[in-house]
């Protein structure tokens, strides 16, 4: 499992939440609290929106806690919208292309969780990816496959539908291969305007996900676990739901209704 | 394009041909002679057979010419059979899993060349890989796909047939996608007993490949280009052929007959 | 030897000169023209001034030509003043702390050249570094020693004097150890306001260095070799001279008078 | 702080103690028991003696727990004498030259601990290193300085004396700079024949160090913490002592008498 944060609001230095807060993401890379996987030292990545449509991306295979390039970049990059991730590898190789965020054009995605029994279902899931997107796969993680399945399922047109279709496909494929629990995920997504936080798992026991609002939504954070001690500041994202902050940071929540898949799967 | 060497014979230190010869592989990583791609600085790898059935493997993303780990390992590893490779990336990511050799169980493969218009044919070729082998794909190169296609086509049972079937599949897929030249390759292969050198390209203008015999085949080398100035020591491998040195270093040559594919493709 | 560029002017994307020009720095990393060391693949670095007093710094041990992080950063970082460097190692280790620029507070330095017979004079030169600066030495290059000697000799107060004193010290130390040629260097320096280009070598046969002015000095470049084919755009920096563009890009040139050292050394 | 192991005995695969034992060194890299610094993810290294006088050396900046090169090398390298180390950086850069073991000719050293207030005493300690050895310093750790001080103090002639002199020098220098506790260390040392384990700290509260003997000393291990659950197998090394296993694995213990330094320092 991994840890990630996503920020949307007035432009800030990345270091504010990556380095400086009490339980910052870099702190979490060495000692996360709300997971049994405390050490997330298998690489990291940051993706940020700036003056271009496509976001900037910096990914590394080294642990985040002692990376001098990350520290300098976090002190110098200012952004109104960014995602950052520290990785705990669940069986796949340590290489930059397996570090999150994953990027396609103006889209970024970070993932905490896993597709269970990935080796069993990998070929079938990859085959479901559109040939156009297929050529962009450069790593070997379940997370990257998830990203390109979302794109194949229309992420760029309808996020909620793409998420539902992709979950449905993964659940269906798992069932076919007699895998008990298909999927476990929290996702952070952005197109450079909106920010989404998704929480879903096959057994409805998803990893933790919180959001935080400050000053009339002027600053929004979505995080794997709280970044400081302020208990009331961090609100749990509902199980099986899609949280969206649009370009004006207006919040909407959509449930990922379970029955839909069960009915479809049957 | 890349440069590679393969050795079979009495146990020697890897450094003998990696570091010490006049035009050693490490020398070639910085200034290859028989290719327009003189700088092969996009990673390297060594695979060697020792006291176990599976070979040892050390791969890196750094250039070979200044890598202190490689230098120490080459000075200390002694082997009767090894392959080594320096990479010139043709469009794919620099990551360890894209460095050669590729390994599966007791098998090793190195590749110089490319599958042309790989983005166009990648999905179709990957779909042809057996689901069992599919899970082991961890990189993003055409070379790795070539390796798992060979395995899918029975490399472990019949090398010559696997090579012919794989070439046929790639030629057929290229034709289907209207790619003019399908494939360009020299391949080094070993199962820990035999050593194979393959030279093939769609237009019969393959990259250079040479072999060298010393002392009644006691020492055999297959190389992208000669490792020293001894002109008569290095014999060109025939275009469209499979060269094999068996466990006793007995040499056989099999032609890869072109008509066969054209007829089959028609 | 290495290749470097330094830019001062209206804020631009780093990619303009790192990636996009005909003979960009990244192009030079693979095939430099004006040096016998055409491949500068032993790491790279960028340092840029932004919204803070201290510059940002990103350094790597990988070749610049295929580094996806560098490409993304160069597309997203906008700066009015930056230095970038691709390294050809002259005997020292490949590690990030040996990649240029070197940074201390608001200062950045890049270097092309070498202190000759560095192993012979290393201890004596390092001993001359002030104890306060000594603790910041983290790499093992002659270039980093040169930087901390400049700081010890008052770089932050008087650049010209610090350069002269440092050259004098290195020349003197070389002579003491009977090293024929002490030093060979082109230097790029900045404090975040001014930009300096220095050209000096013991035998007055320094590596190439050029500058370019556009539109009434609104944009200034100092480079190891021209970045495009415009012959008249690139003006050679004089041998044994210090070129300065101040915060208004006003240019001054100071000679590094040779007799001074010879007299002092005698 | 760090974790290390050293082995001397019949030739074995490195994996036996690096990977396969219940609380192997790689296991310790992620969750060490006998230290407050449980995550030793700031690089690793192995040094082993084989068929040459100089040992082989493989060092990396990545965590040991997911490094595929380490896993392959540990499965293939067989040695009668090796040292291995996983690093917890105490303030210095993550780079290969800061990973242990340190090597000079036939000598290897690993270190757990630190020279306190290293920035304060660094220049003075480095100045004490002989000019001949000075040129070989390529990293920036206190540990490497310790190694070259040992060499300067005659390690190659008299290990016990070199250790005592070096401790004395560091204690003396610390006192001069009003540093309360000078040094904290466990050291593993070998010249390719003998194996030494040293335990010392200024306040006589050294980090843990154990040794283990099997079958009449045929196999000897010295380790930061036990590699399995066998309580009686692992014997603590005495505080302030030098443990030596000679080429026949005969054990001797020498005390590092405290008064000697105090008297000398006064």
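Labels A, B, C and D are assigned to the chains in the order they are written; within every chain, residues are numbered from 1.
Rule of thumb we're sticking to: contacts are C-beta pairs under 8 Å (C-beta built on N, C-alpha and C of every residue); 3 or more make two chains touch, one makes a residue touch a chain.
If you're wondering where the values come from, they're calculated on a predicted model, not measured in any experiment.
Enquirer: Any chains in contact with both subunit C and subunit D?
Expert: Where subunit C and subunit D share a partner, that partner set is A, B.
Enquirer: By how many degrees does subunit B turn when fitted onto subunit D using C-alpha atoms, rounded in steps of 5?
Expert: 180
Enquirer: Compute the distance, rounded to whole Å, between the mean C-alpha positions of subunit A and subunit B.
Expert: Computed from C-alpha means, the inter-chain centre distance equals 38 Å.
Enquirer: Two or more other chains touching the same residue: where does that happen in subunit D?
Expert: 68, 93, 96
Enquirer: Okay, in this complex, where on subunit A does subunit D touch?
Expert: 30-31, 39, 41-42, 61-63, 65-68, 89, 93-94
Enquirer: Considering the complex alone, what residue numbers of subunit D touch subunit B?
Expert: Residues 48, 50-52, 54, 56-60, 68-69, 72-73, 75-78, 96.
Enquirer: Can you list the residues on subunit A that touch subunit B in the complex?
Expert: Subunit A reaches subunit B through residues 92-93, 95-97, 118-120, 122-124, 126-127, 129, 131, 134-135, 137-140.
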